[in-house]
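Okay, so here's the structure we're looking at.
Each chain gets a letter, A, B, C, D and E, in the order it is written, and its residues are counted from 1.
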Amino acid sequence: MEMKVETGKNIQVNDVSPSGMKIIWQEIKKDKLAMGSLIILAAILLFVYGASFFMDAKEIAKVDFLSIYMEPSSDYWLGTDYGGRDVFGQLIIGTRNSFTISLFITLFTAIIGLSLGLLAGYFGGATDNVIMRVIDFVIALPQLMFIIVVVTIVPIFNVYVFILIMTMFLWTGKARLIRSKALSERELDYIHASQTLGTPHWKIILFQLLPNVSSLIIVNFILNLAGNIGLESSLTFLGFGLPESTPSLGTLISYARNPDVLENKWWIWVPASLMILVLMLSINFVGQALKRAADARQRRG
Amino acid sequence: MKKAILQIENLTTSFRIGNKYHAAVDDVSFTVNENEIVAVVGESGCGKSALALSIMQLHNKQRTKSEGNINYKGQNLLKLNDVQMNKVRGKELGMIFQEPLTALNPLMTIGKQIEENLDYHTELSNAEKKNRTIELLTQVGIPYPERTYKQYPHELSGGMRQRAMISIAIACNPALVIADEPTTALDVTIQAQILDLLKDIQSRTKMGIILITHDLSVVAEVADRIVVMYAGQVVETGSVKEIFNNPLHPYTRSLLNSIPSAANEKNRLHVIEGIVPSIAKMDRIGCRFQDRIPWIPKHAHEETPRLHEVGNGHFVRCTCYKAFYFQAEGDASAHDITKIR
Amino acid sequence: MTLLKLDNLKVHFPIRGGFFRRVVDHVKAVDGVSFELQQGETYGLVGESGSGKSTTGKAVVKLNEVTSGQILFEGRDLASLSRREIKPFRKDIQMIFQDPYSSLNPKKRVLDIIAEPLRNFERLSPSEEKKIVQDFLDKVGLSPESIHKYPHEFSGGQRQRIGIARSLTLKPKLIIADEPVSALDVSVQAQVLNFLQDLQQEFNLTYLFVGHDLGVIRHMCDRMGVMYRGRLVEEGKSEEIYENPQHIYTKRLIAAIPDLEPEVREDKVQLRKKLTSEYESTYSKYFDENGRAYDLKPISSTHRVALQ
Amino acid sequence: MWKFILRRLLVMIPQLFLLSIIVFMMAKAMPGDALSGQEINPRANPAELDRIREELGLNDPWYQQYIRWASNAVQGDFGVSYTHKTPVMDVIEDRLWNTVFLALVTLIFTYMLAIPLGILSGRYNDTWVDKTVTGYSYVGFGTPIFIFALIMLFVFGFALDWFPSGGSVDSKVDEGTFAYVVSKINHLILPALSTALIATTSTIQYLRNEIIDNKIKDFVRTARSKGVPESKVYSRHIMRNSFLPIAAFLGYEITGLIGGAVIIETIFSYPGLGQLFLSSVSLRDFSVVTAIVMMTGFATLLGTLLSDIILSAVDPRIRIE
Amino acid sequence: ACSNDTEKSSTKEKKGKDVEQVDTSKFPTKTTNQGEPIEGGHLTYGLVSDTPFEGILNKVFYQGEPDNQVITFFDEDLLDTDEDYVYTNEGAASYEISDDHKTVTLTIKDNVNWHDGKPVTGADLEYAYLVMGSKDYKGVRYDEQMALIEGMEEYHEGKADKISGIKVDGKKITFTFKKANPSVTTGLWTYPLHKEYLKDVPIADLESSDKIRKNPIGFGPFKVKKIVQGEAVEFEANKDYYRGEPKLDSVTLKVVNPSIVVKSLENGDLDVAEVLAEQYEQAKELDNVELLGKVELAYTYIGFNFGHYDKEKEENVMDENPKFGDKRLRQAMAYAINNEEVGEKMFKGLRFPANSVITPNFKYNNKDLKPYEYNPEKAKELLDEAGFVDTNNDGIREDADGKEFKINFASMSGSDVSEPLARYYIQQWEQVGLDVELQDGRLHEFNSFYDLLKKDNDKVDIYQAAWGVASDPDPSGIWSRSAEFNYTRWVSEKNDELLAKGISEEAFDDQYRIDTYNEWQELIHEEVPVIPTLFRYQLAGVNERVTGYDYLAGRQYQWHNVGVTK
């Protein structure tokens, strides 16, 4: 569960200058891997969101005893699972769900992390102290265990609840990152200048500080997005994931718990595993390119 | 005639940017003699550090190309491999860097960092090394050498750190020390102490010093000879007295005129328009300084500017110096300059 | 006319330590500094690194909390004003920062940077605003098209001029310039210094000029104060200080300035040596038992020195 | 130093207090209790179950239960596990050691892999070596750990039969003998290796980036200017500085492994804390659940402290008075 | 897993016999290897569990089923049972029932000794009762039947310090009951505690004492040699075993994760282990392993929610107007689902349609009852009759009053197939026009599920659950008016009457009891307060080198017979 993206390390982002977008684009263009990843990613997402729009989720979830564990065929492109359900359909919907979940978790954690991080970093002192103590506390919680307990407690458990629960625990890394960046940023003279010019604090935070931490956020956002895709799979594996009626990539992969499936029914779990791998890697490659774009020292050429 | 320690001939150092190599040091030649301080001056980005690192062969080999001849004791340093070069570095050539805080390893005691130099170039026993280190620290004027031996860089003040840095550079009594802006990060009072110290050490060891700086007053204070660099090239060189009394190249003159000092008190300072071009965008043909003195007619510049000897070891690049006058002075001064000539 | 008067200004930063991270001691960054600025003059503050020059300057624009003492601006004590009450004074006192790179927000266009103070104090239509900004750009010698550029497209000197333009938009009476040229190359430095002088005449500005380069200070300032460990040790007209330094620290400081004339270098080395021994032998004349400089005592109508 | 540690320990008290309240309330909020498992036993007597509930105090308001529990917990008594019928600390003890061993061995493997690979990759960055290592770490990054562990189990536990497929020790060997130690280690290798192979990738990347960052530091140039041979430049200057943040993460890493052992222990039927936690949650063995969470929370706090101490020990710039 | 949950409950499974009706020939129940066991044989037994065993190695105290499996190797009940789970005189003790059916006397055989050589006496069994009745006892074994012993309640409430209804005389012990109850022939507690060994330990501390957990002493065929807490137990033969010396020298019991059982059987790591349905197909393919099967003492059912439990009155109360008041609706729902197919396809033949709520291992199972067969037409007919018709033509039937009719279905998570199974039922009901929805859109974890039922959550209309049944056929514990576990809250006069008859003194007459329960099962079949859905097979994989292993229900004390031939 311990997710591997949160490197905790401050990604040193020098000033991505305003023509940042251009630099980013150039950086991606220069990096074949990133470019390829971006294309693959876009293709997968377009296909998945497009296709799932036309697909009948109910039909896919339909249990059909006549077609249990069918091998891939022209009827079932990726075979069926133990309920006779079409794996390909589940893969599409699962990819959509997993990605959406990851996107929202990343988004929400970013919002929380950003607000608290900026506040703590900008004001420093007591504000910083209070926020940091809260963060310390949340970090000290054994996350996986807490998540398991929370999942058992909540009466209703669906995608939204899942996103909220994960958000509850995952915002701290971002908050710390932003804080440390904001803390160093506020010592820079342009912030001092704004203060002496009579600009109110909230304006300084929103219009001076925020744009300067934005590249950090974007990079971190992308890398987190990659990390959060596989997030629910280990919970599903432990039996605390989303219900099967909301298929996710984790659902498909965790069918491999059954050794028979793992050994003999590759079509159920291998495509989903590959999908996670491909998604994570391509997002990651794009993120790495962004990171280089943001960090002048690493820029290629 | 003094004994030459290091002869740099036609040194060109290029960095790879993208797929092309661009010269940051362009056809530089000069000699450093025993017991002599040669100052290399110029604006930020003109290639001073690149020159120093080329001599020490400290550039990243994959991205840098050095050509020419750096003659030290009859061998061309550019032709040496890493192992051979390591025998020269630290032992024969010492280097002092600008930022003493970052140039010292934060995790090693000062003592160990100085001793490291002795480790690879001497056969001394541990105790002897320690003695030598303490001796060095005393030499550079550190008040409590025994204590400083055990301290870490962050525990010292800027001036103390730079002294430690110097003792690293002189640990093996090198024949030549390259000091890259050794005082820029320091207060004036400390700067004076460090400069005095360097001179003091030199008087004892007779070593040659290449002093890199952008501060002409520092040069006036300590140097014997000056190499003025602009955009990778030497634009003027000569003895200190020559250059300060009879500056010829428009760049040198502009530099001298832009320094606020007692001499030009309350007057308007001279402003050099524009900035040093970055190496990737540099115009390689013609006089590189011509954009910054647009009022000098094109034809006054040489097509391929060479160094011209104006006597007495004083060289100037390009012929434009003959036509140069300060804008404020108008034509009258052009006349003056001709007179100097 | 006295524009600004600092009276026994103290700025102490707490040092925390001990078991409960209580305040155990203070860094006395500024420890009882008093001086006055007359309308239209340039007052220089010099001293070694860490002597409290910037802290003094920042206290005037309220970037630092004042521990005690008064900052009288046109007779009102700024030190006692709250954040809200200080706002009108922000128009009158502006600051130019040392680092032309970090003092401009890299994500903002020149227009936004220069117009920021205007937007805080005046309601202007975008076109009026643009016009004002362009006027100021013109004043500092930048082309009007620059408003759409970003700071990184300018050289250090140009950036510093943008910073200066920003501080001028509100027509301030006093400008605190904290080492405005020390990050610049000599050639560029000259440019900025010239500008500061031109602008002073045009707008009848008063400068509090903080710097460590004595050449620059001397070039710029009518009067100056020498700071040492949070205290003023000598104050007077620039010529007085340079030609006739009285405090041992001032003497050492001046002796340390490298001279542009190679011929005198031997003498200077000797002078420095002499001063060092003088410093040791006459220490108690200048500093009390805590190493704190004495209060200033006038030795002429314009010249004050911290002597016993 | 001691003052610092003591202060940090003091700060932990309110944190642990808060943690305990949250944990306790959450445990109580879980539907059912330790006896509900009996409610599908047709022979069990509901009245009897109620009597036991009453006796165990499960019917009291939560704050009363909390106060009772907390006052005992302060004295190190976390109550009695209902499922195991024995003091919680006894239940946890064995499992705790198992998990700690697992975490340590995992850590050793992680670093055994990460350090050489990270160094290679950082030193020769942008060469094929670096690309291979980076490729590996990306794949590791994208592989869910449990799938990998399952595959490892089937390949090395069964197909090749090199390692035992479950448990923490062979029941036939006697405690205290050498064979016992060997058997313990033998049981640890597969789960530890599986975790390490995946978990190491972030450390590799971290180390690589550190080395690349440090390579261009000024002090490295200083070292070269002293004529220090390249290998020594790495070992004495670049590496030492690059290990710094990794050493600092050690504390976090250990606690992360202890807290995150749930998955790997489940797959390898390794009787550790994680597995105990899962079964205690499903059996509603509250005393065990709360104790485990409290202990892991405490361990995390200690780990953070440990990290800070390590950091101050290896980095003279961060001196703790 | 589902099956695990029910196993937990079966406290005392005793002998049973094959059920004629069910084709159990599908699986052998005994190992076919007839070879001669070798000397000094060793067997590895796999205790299938995804968690370690707790290690409370005593029937009086244990809680989880895994511990029970460990206990059977070294300890026993005093009375053995026949195929119908009725006590016989072949075990460690013989028994006699007095003519008024109120007194039972056990006589322990002479050669029955504890592993430390001390004889097992009546006082040991009495001590078990004294412990379970004690206030300090925190287990759940004190049940209603015990309370029927004279003086037991007084003792339990602390009014007496002896149980007046239990008399001990050396190896003899007599129980006197307040009331005759035929359950004594199947459900009497006959598991003794080694009093000599344990008496020094206070009752409250017994369950955590080393004497129970680390050095347990029993009188079974094997002795505990070594315990690796939670993971494994090493047993050695008890040469002194009263039924004769065991054929194995030693046994290793170790916990194996369900997911690797088949693999471990395949490579010979395990000799005997239970095989879960999910792995049946894989296990079937193994050459070196023989699959044995038996019908489990459990049934799965779909229950309807009729009312609630009145705590005050301590009885179940049906609501005025229950949603499922009409039995035709209930029957229709039973006809609408195809359990045959579920058993065949989803469980690969390891489950089969249930005809009743008494499992087929009992002679009391009403063989004349047929399961509700899959008949959607019939279901539709019944619904039409009952007035559930689709009035607004949306394909979904409205209720008799023409109002929208929605059914909330609660089901439990656990096994891999729980979710598809629940979805399947929903699909089938949909086909006959009933709108059934999975409650909260997900399956409920075990505890949450029973919490819903216990609290009579109104959101639950119907639910799928399973009961494990004990060796005592009396269904009162989950069916009577006063039973808190009667989660459907279904009550009827007739039901009360029949249940009472089943445990009356007349019921000591077996035929009378059979008739009574047959009638009761017919009532249930007709009224359908629950739809019994599936009975199950339980499978064990046994290495071909094992001989003498018998998997049948009642044969748990058989380890002395088991040997290995290689």
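One rule holds in what follows: a contact is a pair of C-beta atoms (placed from the backbone, for glycine too) under 8 Å apart; a residue touches a chain by one contact, two chains touch by 3 or more.
Labels paired with UniProt names: A = Oligopeptide ABC transporter permease; B = ABC transporter ATP-binding protein; C = ATP-binding cassette domain-containing protein; D = ABC transporter permease.
The structure displayed is predicted, hence computed values, not measured ones.
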Smallest number of contact steps required from chain A to reach chain E: 1
Highest C-beta pair count, chain pair: D-E
Which chain lies the greatest distance away from chain B when centres are computed from Cα atoms alone? E
Rounded to the nearest Å, the gap between Cα centres of chain B and chain C is 31
From the C-alpha centre of chain B to that of chain E, how far is it in Å? 92
Just how far, in Å, is the C-alpha centre of chain E from the one of chain C? 89
Chain A and chain C: spacing of chain centres that average the CA atoms, whole Å: 49
Junction residues of chain C - those touching two or more other chains: none
Could you say which residues in chain A touch two or more other chains, in rising order? 152, 257, 259, 263
Where chain D touches two or more other chains, by residue: 30-31, 154, 266, 278
Under the stated contact criterion, what part of chain A meets chain C in this complex? 15, 17-19, 188-190, 192-200, 208, 211-212, 214
Could you pull out which chain C residues touch chain B in their complex? 48-49, 155, 157, 185-191, 193-194, 197, 212-216, 218-220, 242, 252-253, 255-263, 265, 268-269, 272
State the interface residues of chain D toward chain B in the complex, per the touch definition above. 217-219, 221-230, 232, 236-237, 240-241, 244, 314-317
Tell me, which parts of chain D touch chain A in their complex? 15, 18-19, 26-27, 29-31, 138-147, 150-151, 154, 199, 201-202, 205-206, 209, 245, 249, 256, 259-260, 262-263, 266, 277-278, 281, 289, 292-293, 296-297, 300-301, 304
Quick check: in the complex, which residue numbers of chain E touch chain A? 259-260, 262-263, 278-279, 281-282, 341-342, 345-346, 413, 416-417, 419-421, 423-424, 427, 438, 440-443, 445, 447-448
